[in-house]
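You will see subunit A twice below: alongside subunit B first, and alongside subunit C after that.
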Partner chain A sequence: MNAIILSAVWGIIMMFSGIVTKSKTAIRNTAIIGLALLLIGNYADMMGYHLVTMEVHKMLYFDTFGLLGNSIAFASTLLLVLLSGRDMEKVGHNLAEYFALIFFVLCGISLVTTFNSLLMLFLGIEIISIPLYILTGSDKKNLKSNEAALKYFLMGSFSTGLMLLGIAFLYGASPMGSFAVDELWTAKPQVSPLMLSGILLLLISMSFKVSAAPFHFWTPDVYDGAPTVFTSFMATIVKVSIFVGFIRLFDEGFGQGAAQWQIFVAIITAATLFIGNITAVFQQSVKRMLAYSSIAQAGFMLLGLLSLTGIAKQGIILYAAAYSLATIGIFAILLRMKDYTFEGFNGLAKRQPLLAATCTIFLLSLAGIPLTGGFFAKYYMLMSVVSTGKFMWLAIFAVLCAAVSAYYYFRVIQAMYFKDGEGGTEVEPSAGFKGLLVLLAALILVLGVFPQTLLHQLTEMIYTW
Partner chain B sequence: MGITQVLFWFLSIMAILSAILVVISKNPVHSVLWLIVVFVAISGHYILLNAQFLAIVNLIVYAGAIMVLFLFVFMLMNLNSETEPQKNRWLKIAGVIAGGALLLVMVAALKRADLKTQVAQMNTGDIGLIHNLGMALFHDYVIPFEISSVLFLSAMVGVVVIGKKD
Partner chain C sequence: MIPVLLILIPLVTGLVGFFLKSVTGAKNWSLFSSLVTLVISLWALTLAKDSELLHTDVAWLPDLGSRFSVGMDGLSTILSLLTAVSFPLIFVATWRDEYRGKSWNFYALMLLSQAGLMGVFLATDALLFYFFWELALIPVYFLCSQWGGERRIAVTFKFFVYTFVGSLLMLIGLLWIYSKTPDHSFSMKSFYAMRSVISAKDQVWLFWLLFTAFAIKMPIWPLHTWQPDTYEQSPNATTMVLSAIMVKMGLFGVIRWLAPVLPVGTWAWGDTVSGACIIGMIYASLVAIKQDDLKRLIAYSSIAHVGLMCLAIFATTESGMQGVMIQMFNHGINILGMWIVVDLIERQTGTRKISQLGGLAQTAPVLAILLVVVALANVALPLTNAFIGEFLLFSGVFTSTATQFGVVFTVVAGLSIILSAVYTLNMIQRVFYGSTNTLTAKVTDIRLNEKVVLVAIVGLILFVGVYPKPMLDLTKETAEFILSKMNYKL
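This part shows the complex of A and B:
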């Protein structure tokens, strides 16, 4: 509850900060303070200190899984603003409003990670989506940004319509006529067709929001057209938080009837892995490659949705952290580049050795090379699928797809180290920027070397609460 | 057949017929006008269920405000049958197949639906009265009610960001 209240209130504060001051540094610092407060508030919630206590009528349920998802989202946003806050100023004149919208998205995120009622899920998804449509189109002079925003808005509202239809079906099918997630499943062994079609509609609309194939067609255009700093926000923080909600919905709502819908999730996972990885190979722009790579990574996170075990829940938290940190880092470096194509990275290692080295660690983590956080994230996802005993073919297929993904991640590394060219940054990056990149890389290595200590604590927290 | 049933069938047939006309009308302005008829028929259904507040809000917001917006957009875009783009035949066939598959799923879902215990409360239900609605809204559903204000606030901020002159 702390996170929901704090993020909504700080959104309003950011809104008014634009009136009080014109100084961009002051506005950015206000946002950084707000994000730090959110992180502390969320931690206090986990420790049992609440700002307010109120009767929530079983609409929200604050468990460790959701709150940990919140923490990762807030910490990643803080790192994003610290790294790329200055680039947000270049997008347009309304810096305070951009931050206000980001805080409202965070409010939606904290609803989606802790909902216990389909109503709250719907509200959370909408509070995330509407500010994102606007952030996508915030570069008003750029035609591509306008096109991306319109495309995202039209497709997004259509998928929201499907979600509402699914919620209506589930309401009709639930035995007591209720929106509460844990009361949805009927005691009857035979699931009614009404309920199954409701589950399918929810599966489709949630897959759209996390850009799983075959509902991914908006992703490359939107991620390519949106201002890069907001692409970074959408592709990492928003995506992994919706995944936390996705897993929560299917675990607590429909977990008992997993056999009925698992095959659909398996097909979506296989399609997402295949399309994301194969299409990423043919891209010429690194930004577009990262868009397809985010589809491919969503495929791996869907493996957790398939198995829904305790390992899967820990794995998705680890995956969220590893994927967000690495992708935010790469986008922060990409923002400083003159040229967004692969050629733009040629010879970067000679001019900016530190940037090239940290970028290599981020790319290795995304590819899932051992000693980085990405390796253990992928490992836990695969382990959770194997431990269920079904869908071995999917685990093998996922490993093959991870091998394909190494090709396009290594292309960037090859360009940086083994090719000569004019690739470089627009201006010399500041020492603070470099320091933060090193911190991000160090975090990824820590996640990759000591996941056991972290996961042990996670297990204790998830199961003892 | 009592007066309620007669009204129910009349409103239902009116709603379905005008919904079909919305889709098949060539002129978009006609589509909008038929859509108003759909909304009026559905408001009639709400009144049959003794939900006066919902019926009035549906009339004011949907049949009133949103339809006027639709008409404005059509007039600004100057749509008519000549400017309508030619659609690919394969695209049409694919649309028919996809829509038909969805229809099949819907019919299958509703055909075997176990809704006999929750039949509509004609004349007797009072949950739709404004007093009871207010009690439900500000007691059981107070959290979503309050949080939806964040949604509207973010939409307003967005409108200003998009609409403001730089």
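This part shows the complex of A and C:
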């Protein structure tokens, strides 16, 4: 509850901060303080200290899974703002508004991660989406940014419509006429057609939001067109948080009838892995490659949705952290580059050894090489599928796709280390920037050797609730 | 304790090596580090087999059922010894090689790859083994891509993708076995206990998930296509690591993590794999005869030799199994000798083309004598170490009861030995004898550091060839143990 209240209030504070001061540094610092408070507030929630105790009528349900998901989202946003806050200033004049919108997105995220009623899920998704439409189009003078925003808006509203339809179906099909996800399932062995179509509609609309194939067509254009720092935000924090909600919805709501819909998830997973990885291979721009790579990574996260075991839930938390940290790091470096193509990275290791070294760790983590958090993220996902005993073909397909992904991640490493060229940053990065990158890389390595440091929060904290 | 040191010393010294910023400093540092590792590894030989120093087992990932557990039995002792012996030899032999750019990074990465290899050979926990299996690859990837030949980037990447696909499939296989263990543990003991639990039907397909990774690493025909290219394009010191030690990872993987865990699968596919080995041996030997590039010639010869070792594993006999363990060590030493000579010739003449060389015996007589010994070992002549190893291998295959084609396999494999004599002796004749030309006339004889290394290698070749008893004693117990696990009826 702390997170929802704090993020909404701080969003309003940010909105008015633009009136009080014109100093960009002051605005940015306010946002950083807000994010830090958010993180602390959310952690306090996990420890059992609540700002307010409110009767939520089972609309929300605060468990460690959702709250830890929140923590990852807030911590990642904090790191993103620390790393790339200055790049946000270059987008346009309305810095305070950008931060306000980000806080509203975070408010939506805290609803989606802890919802217990389909209405709350819908509300959360909308609160996330609408500010994102604006952020996508925030580079007002850029035609591509405008196009991306319009495209995102049209496709996004359509998928929201589908979601509402699905919710209505489910409401109709539920035995007691309830929106609460844990009361949806009728104990009957046979699922009614109305219920199944409701589940499928929700599956489709959620797949759209996490850009799973074949509902991914908006992703590359939107990620490419949006200002890069907001792409970074969308591709990491927003995506993984919606995944937390996605898992929650299917686990709490439809987990008992998994056999009925699993095959659809399996098909979506296979398609996402295939399309994301294969298309990423052909990209010339690192930014666009990262857009497709985010689709490919979503495919791996979908494996957790398929199996829905305890391991899968742990895995999605780990995946969220490892993937967000690595991608934010790469985007932060990309933002400083003169040229966004692969050639732009040529010879970076000679000019910026530290940037190249940390970038290598991020890329290795995305590729899933041991000693990085990305390895255990993939490990948990594969383990969750293998332990169910079904869908072995999908696990094998997934690792073959992971091998393909090595191709485009290593292309960046090859460019940085083994090719000569004029690739470099626009200005010399500050020591603080470099220090943060090292911190990010260190976090990824810690997750890669002791993933338990994060996951123990799941099991230890649940008793304090 | 000792296994941990064997991994930690190269790891820590390697990480320090990145910050040395001086070429001579890095050279001295890496040689010092590898010598310390060698001393510790020799110390391990003197200890009793049940000494507590040889095992370490600490909690690592309790929720995942994986422990940081390392230990040394005959198999891991002999391979960690090979790793420990090879690195100082490589460093000394390539002392005069120069690397462009920040060359201290080269030595640091070499040490890191040593740490990874040690980890692979010493791990007694499947997840830990997988961890090191992948980690050993990363430094080598950087070494080859940064300091290799003209086509290095594409070739190294091919190598990387090949092995990455294999190891990911292996991960799925390991996960599947783990998910069936009653105590949810990755430990070697739990895995070996699964051999009678996993149904024959499952073993048959699981076998390929694991074996693909090992077959790529060895490499076995038809998965060998990365190997000649990679050997040719890599810097010489890295080629030595790849061929002397890294290909043994595949053989080691089969012996330690495949055959005792999935004995039915191993038995069921034994003839198929053996057939591939045989085809590969003959094919590689024939291709080797036609090669003009020295590095490619040795690369193909290595495919043939490794094929024979793999063949013997699937024969499931005691002499075969012991032969594999001994021959892994011998082959590492012998091929190291061959590479050192190639490295010398290339550094002095600037070419590796056999057709451009000739008459080196006149300008470098000492080198010629030492090379002939190494080359004879490569052909497995009596009194050399490879004779001991290959004799055991052949008798193992011949007496095998696991296959009904033992005789056929022996005969065809024997053919490849004859072919190996053809290309090895032909190579010596064309490179060292005949008349000198403008390229080879100015070649000087080997200098002290190379002499020391080659004499040490020749010494090892003859010592093991004449007195193989310590090697046989070392491997006997482990070979029997593995074979008892490969008998799924027990």
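The criterion applied here is as follows: the second predicted complex is superposed on the first by the 451 of 465 C-alpha atoms of A that agree within 3 Å, B and C clash if a C-alpha of one lies under 4 Å from a C-alpha of the other, contacts with A are read in each partner's own complex, and residues count from 1 in each chain.
Keep in mind that, in the parts below, a contact is a pair of C-beta atoms (placed from the backbone, for glycine too) under 8 Å apart; a residue touches a chain by one contact, two chains touch by 3 or more.
Since the model is a prediction, treat every value here as computed from it, not as a measurement.
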First (subunit B), second (subunit C), both or neither touched by A:432: neither
First (subunit B), second (subunit C), both or neither touched by A:161: neither
Contacts of A:395 with subunit B and subunit C, given as first, second, both or neither: second
Touching partner for A:403 - first (subunit B), second (subunit C), both, neither: second
Partner chain(s) touched by A:111 [first = subunit B, second = subunit C, both, neither]: first
Touched partner set for A:214, first subunit B, second subunit C, both or neither: neither
First (subunit B), second (subunit C), both or neither touched by A:15: first
Subunit A residues touched - subunit C or subunit B, whichever exceeds: B
Partner chain(s) touched by A:130 [first = subunit B, second = subunit C, both, neither]: first
Contacts of A:383 with subunit B and subunit C, given as first, second, both or neither: second
Those residues of subunit A which subunit B touches in one complex and subunit C touches in the other: none
Complex contact set, residues of subunit C against subunit A: 61-63, 130-131, 134-135, 138, 142, 145-146, 152-153, 157, 160-161, 164-165, 168-169, 171-172, 175-176, 178-179, 209
Footprint of subunit B on subunit A - complex, ascending: 4, 8, 11-12, 15, 56-57, 59-60, 92-94, 97-98, 100-101, 104, 107-108, 111, 117, 119-120, 123, 126-127, 130-131, 133-134, 137-138, 140-141, 169, 172-173, 177, 192-194, 196-198, 200
Subunit B to subunit A touching residues, read off their complex: 105-106, 108-115, 118, 140-144, 147-148, 150-151, 153-155, 157-158, 160-162, 164, 166
Residues of subunit A that touch subunit C when the two form their complex: 364, 369-371, 375, 379, 382-383, 386-387, 389, 392, 395-396, 399-400, 402-403, 406-407, 410, 414, 417-419, 450-452, 455
